[in-house]
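Below, each structure is written out as structure tokens.
There are two complexes below, and they share chain A, which is joined by chain B in the first and by chain C in the second.
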Partner chain A sequence: MRLAELSLPELESRLTQGLGLVTGPFRFHLTSRQKRVAQGLHALYADFEIGTFDYYDYHVRLAHPAGIRRWLRPQIFFWLDDFSPFKPLPADHDFAQLEWGMNWCIAGHAHHYLMLHAAVLEKNGQAVILPGDPGAGKSTLTALLALSGWRLLSDEITLIDRDDGMVVPLARPVSLKNASIDVVRNFSPAAVIGEAARDTHKGTVAHLKPPAESVARMAEKAMPRHIVFPRWRDGAAARSSPHSKADAFIHAASHAFNYSLLGELGFTLTAQMLDCCDCRNFEYSRLSDALEFFEGLVA
Partner chain B sequence: MKPACSDLILALTSPPAMAGFTPAQWDRIVPQARAAGLLGRLGALAAQHNLAAALPKPVWHALEAGLVFAERQALAVHYELAKLDAALAGLGIPVLVLKGAAYVAAGSPAAAGRMMTDIDILVPKQAIHDTEAALMLTGWVSSHHDAYDQRYYRQWMHEIPPMQHIRSGTILDVHHNLLPETARIRTRPDLIIAAACPLPDRVCLHVPSEPDLILHSATHLMHEGEWKHGLRDLSDLYALIVAASDRHDEFWPQLAERARELNLERPLALVLVQLQRIFGLQAPALDLPRARRFGDRIIRDLLTRALSGYHASCRLPLTGFAEFILFVRSHWLRMPAHLLIPHLLYKAVKREKVTAEEG
Partner chain C sequence: MSLPSHWRVPFHSKLIWRRWPDEDEYVFYHGASGDTHRLSELAGLIMEQALAAPVACATLAEWLREQGDTAPEATLEHVFASLIRLEFIEPVAIEPGNAAG
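The block that comes next holds the complex of A and B.
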């Protein structure tokens, strides 16, 4: 059953008991009494499969600490089972805390996969990986491509299957920061953006709802074909240049969540991926140029 | 008293049983194993018994992830031990590797999927300063800079303040004894050092003999005040003892005799009770005349509670209380009252101050 089939009050009540949510290969069991968490899930995860399952990969919970901080400048803790990996956040950052917490669960535990710190989208059967240098505009570009008919596989964590080297989708919401929230909102009337969390350690953060088709096809893996290092620069003319494979390897390995943990397998998977991909730098200022460039890559 | 979490224990003691667990059982076992630091052990046991294909896919993925983590740590331990060997070779002393790193170095059954937080070594007491100096020259730095903590370790404890490598971040505990200088029971580290076995391809690194390794791990566990890794450490002992007792008949009497020589009868007796209660280990009655103390029954029940309380779903009634009492006991065993009370007062006042400054 899809999450959208629940009304908001029904979702809230399910969340207090625990809700099973499927994202890519993972089943999360979410428990929360926070109204904003229910609202965020209702707005952004409407197309995701929910249900009651026998086994969950991660049991996560958002809850107030005991004691006075429940009322006085309320805070919220993220829990995986009995373990809380982060310091608590102000309670109105609870949905962002859930998103970060879910990322942490996957990045910190799912070592069955090679996990790169990169966004990844697919069109015409070709996955395009966008490694993330902070400030390069990776998430903004991911959001714009997702809103332009590309299939969103993941915004933050690129999962590589150890058995076949293919990209495994998560199809979770895209995390947007500060000015890019309005850029994305103005780009398309179809953009559904959740309520913003202000004054987080990353500034203002809001999430873009993944396209329904990306969510519906989350079980469909994709072959990595391109690695693009994007850079947005004010006033720059669109320009693409080859990026050395050796450098792309080092970048992917040093930004991966578990490259060294996987040892030889990490090396083999990264090398296989580089063998299948061409690597380019892409600098731009106008969105239309970017869309044209990416269409050209997979034509 | 029957411990909770019996499915996890069954997986550890009879690995083929894992193939018969339902997804709903795994939904409890995996979080419990993750909390106890035993995911890697389950992964290793499942791999040894070729169970990967028999487990639900996401369960095997979780176990495999734990195993990958543990194997990476084992590789790192081999690397760190090679560096330690080179750093300390010039001192002309035997250096004993203890606990997790010793299991890995010796390829012991307790190495399978063992997750680790630090490396422990033991050196002769008269060489402790030279050891520390040699380590500092190779990038290990002392972690406690506070004058009080320095004195606490150097005057009273069985180890110098933990050291950390500036590049790898690895934590190293350097011991000169098994128990604090101020502890209620005294043992003979010199006998353990004398009986240690050299590690192949190493100059100065040794591992304790099999009975000594078991007695040290048992002593460490029974004198602990923190129980986060209690079940993991107990399962190490289970693996060590089962393998050793299967291999030769003289194991049990030799272990008992060694415990008498080292004055470690009581920790051995306590740990055997827990292994019997929690893991169902069948140990013969051993001749340990100095093992019994007043209040044994209560201590045993408290230990069982603490050792099984690593996940909310396994906590028995009074587990929190048991942990508190055992925490107090661990300090009580560590130093006499005239040292302990001022120490705890100092720590309490200092914590208040730090909390106030942070808040």
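The block that comes next holds the complex of A and C.
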């Protein structure tokens, strides 16, 4: 059953008891009494499979602390089982807190994958990995490509299957920050963007609903073929140049969530990925140039 | 400073590496430390040889000289210092008549 089949009141009710939600290879059991969380899920996870399952990878809940902070400048805690990894946030950041918490659950525990800190999209059977440093415009680019017919595999965590080296889809809402929210809204007025959480530690944050097709094809892995290091620079002419694989290796390894933990397997998987990929830098300022460049990559 | 004449990979090191076509750098994984390092072309070539058999400084110096290096001993000192720091190589005593290279 898809989440969209529940009305918002039904979803709110289910969430108080616990809702099973499938995101890629993971099953979350979500519990929350927060109206905003139900609204966020209803808007952004409409195409995702929900249900009651035999097991869950992660039991998470959002809950107010006991005491006065339940009412006075209310706060919200994220819990995984009986562990709360973060300091409480203002209650109106609850949906963003859930997204960050879900990422934390995966990044901290799913060590049966190599997990790179990178966005990844697919077209024509070719997965394009976007490592990008903070501020490089990775999420904006990911959102624009996803809204332009590319299959979103992940905007934050690239999962590499340790058996075959393929990218395992984990399409979830794309996290947009500050100016990129309006960039994406202007690019595609029909895009579904959730309520913005303001004054978070990342500034203003809002999430973009992943394309329905990306969610529907979540079981379909993709072979990595390109690694692109994007860099948005105001006024820059579009320019692409080769990026050394040795450097891409070190970047991927140092930004991975669990490269060191996997030891020799982490090296082997990263090396195999680079064997299959060409690596490029791409600097741009105009979105149309970026779209043209990426289309050309997978033509 | 004069370098020991022969070097080898320590027995406890589990080193695996990759070098891609048209690139002049290597990436090495050091199983003993769990660290990954990017090595220059020369350091990588030395390690490739050292993984096969102990390497002789004299042979390497001669090869560098043929490549146009006018101060091969200094070059090797610099490279070996880095490799020693990474615990990628160690000096080895070679019996006369048993020397590689």
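FYI, the second predicted complex is superposed on the first by the 299 of 299 C-alpha atoms of A that agree within 3 Å, B and C clash if a C-alpha of one lies under 4 Å from a C-alpha of the other, contacts with A are read in each partner's own complex, and residues count from 1 in each chain.
To be clear about the criterion, a contact is a pair of C-beta atoms (placed from the backbone, for glycine too) under 8 Å apart; a residue touches a chain by one contact, two chains touch by 3 or more.
Nothing here was measured: the structure is a model prediction, and the numbers come from that model.
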Do chain B and chain C fit side by side on chain A after the overlay, or clash? fit
Taking the superposition on A as described, I'd like to know which of chain B and chain C A:L15 touches: first, second, both or neither. neither
Between chain B and chain C, which makes contact with more of the residues in chain A? B
In the overlay, answer first, second, both or neither for which of chain B and chain C A:G263 touches. both
Based on the superposed arrangement, let me know which partner A:V215 touches: chain B (first), chain C (second), both, or neither? neither
Chain B versus chain C as contact partner of A:A271, first or second or both or neither: second
Partner chain in contact with A:I250 - chain B first, chain C second, else both or neither: second
After superposing the two complexes, the shortest C-alpha distance between chain B and chain C, in Å, is 7
Would you mind listing the overlap between the chain B footprint and the chain C footprint on chain A? 260, 263
In the complex formed with chain A, which residues of chain C make contact? 14, 16, 18-20, 23, 25-27, 29, 31, 34, 36, 38
Of all residues in chain A, those that touch chain B in their complex: 25-27, 53-57, 59, 81-83, 109-112, 260-263
Okay, in this complex, where on chain A does chain C touch? 244-247, 249-250, 253, 259-260, 263-264, 267-268, 271, 274-275
In the complex, go through chain B and note every residue touching chain A. 22-24, 26-27, 30-31, 34-35, 56, 58-59, 61-62, 64-65, 68-69, 71-72, 75, 311-312
